[in-house]
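These notes concern the structure reproduced below.
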Amino acid sequence: MAGNSFGQLFRITTFGESHGEAIGVIVDGCPAGLTVDLDYIQGELDKRKPGQSKITTQRKEADTVKILSGTFESKTTGTPIAMIIPNEDQRSKDYGHNVDIFRPSHADYTYFTKYGIRDHRGGGRSSARETAARVAAGALAKLLLKTQGIEILAHVSSVGKIDAPNVSITNAEEFIEQREQNIVRCADPATAVEMIEFIDSVRKDGDTVGGKVSCHIQNCPVGLGDPVFDKLHADLGKAMLSINAVHGFEFGSGFEGSSMRGSEHNDVFVTDADGKVSTITNFSGGIQGGISNGMPIEFKVAFKPVATIMHNQQTVDSTGKAAEISGKGRHDPCVVPRAVPIVEAMAALVLADHWLRNKNSKL
Amino acid sequence: MAGNSFGQLFRITTFGESHGEAIGVIVDGCPAGLTVDLDYIQGELDKRKPGQSKITTQRKEADTVKILSGTFESKTTGTPIAMIIPNEDQRSKDYGHNVDIFRPSHADYTYFTKYGIRDHRGGGRSSARETAARVAAGALAKLLLKTQGIEILAHVSSVGKIDAPNVSITNAEEFIEQREQNIVRCADPATAVEMIEFIDSVRKDGDTVGGKVSCHIQNCPVGLGDPVFDKLHADLGKAMLSINAVHGFEFGSGFEGSSMRGSEHNDVFVTDADGKVSTITNFSGGIQGGISNGMPIEFKVAFKPVATIMHNQQTVDSTGKAAEISGKGRHDPCVVPRAVPIVEAMAALVLADHWLRNKNSKL
Amino acid sequence: MAGNSFGQLFRITTFGESHGEAIGVIVDGCPAGLTVDLDYIQGELDKRKPGQSKITTQRKEADTVKILSGTFESKTTGTPIAMIIPNEDQRSKDYGHNVDIFRPSHADYTYFTKYGIRDHRGGGRSSARETAARVAAGALAKLLLKTQGIEILAHVSSVGKIDAPNVSITNAEEFIEQREQNIVRCADPATAVEMIEFIDSVRKDGDTVGGKVSCHIQNCPVGLGDPVFDKLHADLGKAMLSINAVHGFEFGSGFEGSSMRGSEHNDVFVTDADGKVSTITNFSGGIQGGISNGMPIEFKVAFKPVATIMHNQQTVDSTGKAAEISGKGRHDPCVVPRAVPIVEAMAALVLADHWLRNKNSKL
Amino acid sequence: MAGNSFGQLFRITTFGESHGEAIGVIVDGCPAGLTVDLDYIQGELDKRKPGQSKITTQRKEADTVKILSGTFESKTTGTPIAMIIPNEDQRSKDYGHNVDIFRPSHADYTYFTKYGIRDHRGGGRSSARETAARVAAGALAKLLLKTQGIEILAHVSSVGKIDAPNVSITNAEEFIEQREQNIVRCADPATAVEMIEFIDSVRKDGDTVGGKVSCHIQNCPVGLGDPVFDKLHADLGKAMLSINAVHGFEFGSGFEGSSMRGSEHNDVFVTDADGKVSTITNFSGGIQGGISNGMPIEFKVAFKPVATIMHNQQTVDSTGKAAEISGKGRHDPCVVPRAVPIVEAMAALVLADHWLRNKNSKL
């Protein structure tokens, strides 16, 4: 069973290796009549692309996206939308020395054992490069959601042990502007400075460090999510966990909620003057019984440190013999700044899918 | 799009409300020739059933499972296996007083808004009662996995702020025996005593508390998991998050891993005398690049406190008017002891599915 | 990969063997708020049930359907609807003599070889008995379609070489009334008499004969069908071909259309006074480019003769040795009269599914 | 719900319009380790491409396929295989005059009504041009099947009222050689001459004509097909009916079988000296109970005449007003010669999918 499709009604299928011809995606199920703003899609890709700053990998890729099908005079036609991003800087000779060696905490060993063959160039399909296709498709999903006023807003909330304070989000544009003012994509400027310094010092050590991305979804209508298995947070969780390097997902009260009591955790319902129901607290993270309740959706994603480090490491080769690996190549000291658009993209794909699915909840 | 099926090749579809005629499940895709031990399946259900002890709900259900199809002379035949569990103690009058009131942090409001109608009796489909069907199907998956030596072993590792020390697991039977010696299902006997006392005090307060379940999977072969979306941990995460009250999932180093450096987090490969590759540490939690690497799979699940408490609470009714709710009915002060077999069942469903899927990874 | 589910949004999963405890179906994805008329569902099952007349099998089954979940006060709630039909007349001793013998043109040999095990009682899962579950689910789909005025109207158009003239259908109720006035379910009374006589003579010979069912769908809106693979007629074709004994499917001009010229086959568009577009002829059978065009949908299904005959036949047993089989048991001399409700049910499932799917064709 | 994917385990997703940048396909689920013979794939495309002979459309397309991902050193790696075919001869000005007119028996009206927008250039997505992507993917499926000795062999068996006699097929290569010796792709040379003459005369009339393609599958193992819905012939039927212009599908005895008696239709089992079970006749068409029985699989596909003719025709425009259309553009007088590789491709996709699915039929 193939694992390269995601979503039911707004469904994507991606392809491409780190050092192949191109990577890309087919989006099937996008309703006809959506205006496709190619600049917006390219802008999202630019936030993910390598070589942005001193704290990201120095690989250079323009990551220029091209739409091959599914639009006519800048509108979607209801037919599948194929988007392609050529690979340009395929410096595969950098990887020649690791052909037969399993890099620690990479996917080399598992891919080789599972498939009996491995495209060793830059991690092949297991490279985070494949996430560019997700960002392109997610940007389209965002455009769809924007027609409904739904905004997906993520930022870096932790790097190593440095945690940003909670950022109160009211205006989507302001939030994005503030986040984009620093290269680590943390919406709290003071913490951002600290994070950048820390990542830079880790980079100089030839090391890497993990971090967390927090996501807030505004204006999600009540009703998205399909119990009992396709609960909204279950699909969000799967989406996030499918991103390279993610080791944890929590929403609402999350792991801390497990040490709380019901009497403090319950979100009390109130009605405002216009009859709109909301809750005073939001420990439910905007989702109750697996269905969005109209409050902001809040979740957090934990990324492990990037496995490629500039140190010598012990390992084994494909014959099982002990080997030493030296960390050449170009990689990120910390993945979270570039992970922000990926988290947003995957969240958008889940929301777009469930927004379409919810059309048929009742007669 | 319906959300009541789970899995691709080992696929289940469940049905049933808390106070309807019956709940049940169809398992489609189980290979023919598996010996079905009905006593084992019933035994798993007995671990989940209500009314087991003073720290679980007092609702009484025999939860007797019956197989309607798909087996012949105690073997699976390759046709769909339907299992049914009649509801017996449907004391729905207990719920009569809440017909039009949205209970805080329950699914009443979201179901009513999404579907325009709600079976208010005991939470209807949103009741954790539906998990009995998962446990029955999961028990079948476990039987399939046992033919391969794969064992799925969960226990309660936290209740409120009480954390059990790490339990080293070598023998599956011993672990289960030890866990089942106490009513909270914690494999560390000393912590279990503490947890039980605490839950009992919370119960006496008319309150509830959350907790965590840790899961360890032994003897999983290398190769399970289908990148880039159906990574093994992504499917495990979705499975866990689809369980009622779950607010978080992490595997391997999890959330803590996000504050580590690559140089400490990387799992170094070594080969033993028989040529078997393993890693010295297991921060990867048995999964690399979304594919099992032959090390034990380790993950943790966070449960929020049960929303039903025996206190008066403010809320609104279906017309939006303020209302007060008083907590009658019979519910669990802490859900984790009964969640252990559910976590194991869902993990088994994911593993069985990916074990079948992996048959076609190479020619 | 399991094959017991059908449909994407209006999705059914069936279970059950000829001589097991029960057969049944889960319908997942039916919108909430549909009034469920249980008498209507039972009425559809009564048209399929065995023992109706002298030209159907003498097996007696009440085929009483029971709804286990998914409705509340006679309305669907958006949760899965499980329906169950107990098996009553499980005279499996009739089949004891054929345990190890492969009946010619039955599924005994293929099931045994594929699964390595076979529930030989009455054909097990390969018995047409499983179609009762389809009829129950299809009746629910019909109720959904009736809310849109869509009517699915099938009848027996051929038995052996006896062909009914084309029946012009205007009023759905009249058509059904006329069809149900004879036991062969042909809407042309004169042909019906001839068919019944012929089937009766075939029955007396201990033989069986094939036939055709024609289906006409009224008031289908423009727009159902999802190119390029899930064209409406492709899904109808699969639905029909999945019914036991079906060997052919054609729509519109069908096989005859292959010998026509474009200039005679093209359906010319015209607009009536109200601006409604229609076509003068309907060689397209109501479907163009895989999408319904608002004209009546017309298709025809060919059924082979039932394989169970009351003659002695040569065959082999499960060890490959030559064997003779004598045709005991109770079976239909001609399957088409009982196939009419099955054809309608499967068509309804396809239409309901595509009606839901079409909600998302445009913004 | 999107309709541009086909298959479960060997799964394809296609994209592309007649006059867009490119068409293409992603194949997900092809096992790793398959040698990819790009020349073979190109050769299959060459059989489908336009401009081959005087009896096909004069549009010129090189139809050169390029693989973008999923292979490494000419072997599949288990990752998705993307193939792309650029559009070259996009003479869209030919279509400018039909922008707002609905061509009779084309998909213009249904697409416009369903999606609210239409890429009118050459039929957009509804053009048979999309089948090139199917042929590329099908060629890969054929390569997979060839590793098992399975051969899929189709030819033109009817054009208009001209029927070829049954062709006995023993050697796959000889059959293909014989078929490819004439431009109509009929394996009976004498009938081929007659067909070509007839098509040419129809072409000179500015008209079109339908035809039939017969397909024979050799060496299919016993066991492919998943009852009760994904029967092998049901999936073959859907595959064929999804091809543009197909109006009918039958297998084995087909429509004629419906007028036969059971006593003549039943296929008697025999065992040969090696213990291999076969049947004396093959009215079952190689499939019993929805599962292949090891006999050759035989089916037939009916194609309606191409809708584009060089005559003036009455129709309506997008405002509902009467309009006249004159048939410019370049089109096929008869579609079946170019349909042969498409029928084979779709059959290969079904067989490859079920061959993978069957790996899990028993423990």
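Brief remarks on what is shown
Read from first to last, the chains carry the letters A, B, C and D; within each, the first residue is number 1.
Keep in mind that, in the parts below, a contact is a pair of C-beta atoms (placed from the backbone, for glycine too) under 8 Å apart; a residue touches a chain by one contact, two chains touch by 3 or more.
Owing to the predicted nature of the structure, the values given are computational and were not obtained by experimental measurement.
By residue number, the contact pairs of B-D overlap by more than half with those of exactly one pair in A-B, C-D or A-C, and this pair is A-C.
When the interfaces A-C and B-C are ranked by C-beta pairs in contact, the top one is B-C.
Averaged C-alpha coordinates put the centre of chain C at 26 Å from the centre of chain D.
Remark: chain B and chain C have CA centroids separated by 39 Å (rounded to whole angstrom). Between the Cα centres of chain A and chain C there is a gap of 46 Å. Within chain A, the positions touching two or more other chains are listed as 1-5, 8-9, 14, 29, 32-33, 78-79, 111, 114-117, 125, 227, 356, 360-362. On the chain D side of its complex with chain A, the touching residues are 1-5, 8-9, 11, 13-17, 20-24, 26, 28-29, 32-33, 66-70, 72, 75-82, 84, 111, 114-119, 124-125. On the chain B side of its complex with chain D, the touching residues are 1, 9, 29, 31-34, 78-79, 144, 147, 227, 356, 359-363.
Touching chain D in their complex are the following residues of chain C: 1-6, 8-9, 14, 102, 104-107, 109-111, 113-117, 125-126, 130, 158, 160-161, 202, 207-212, 222-223, 225-231, 233-235, 237-239, 241-242, 247-255, 257-263, 265-271, 275, 277, 279, 283-285, 288-293, 302-309, 311, 313-316, 320-322, 356-358, 360-362.
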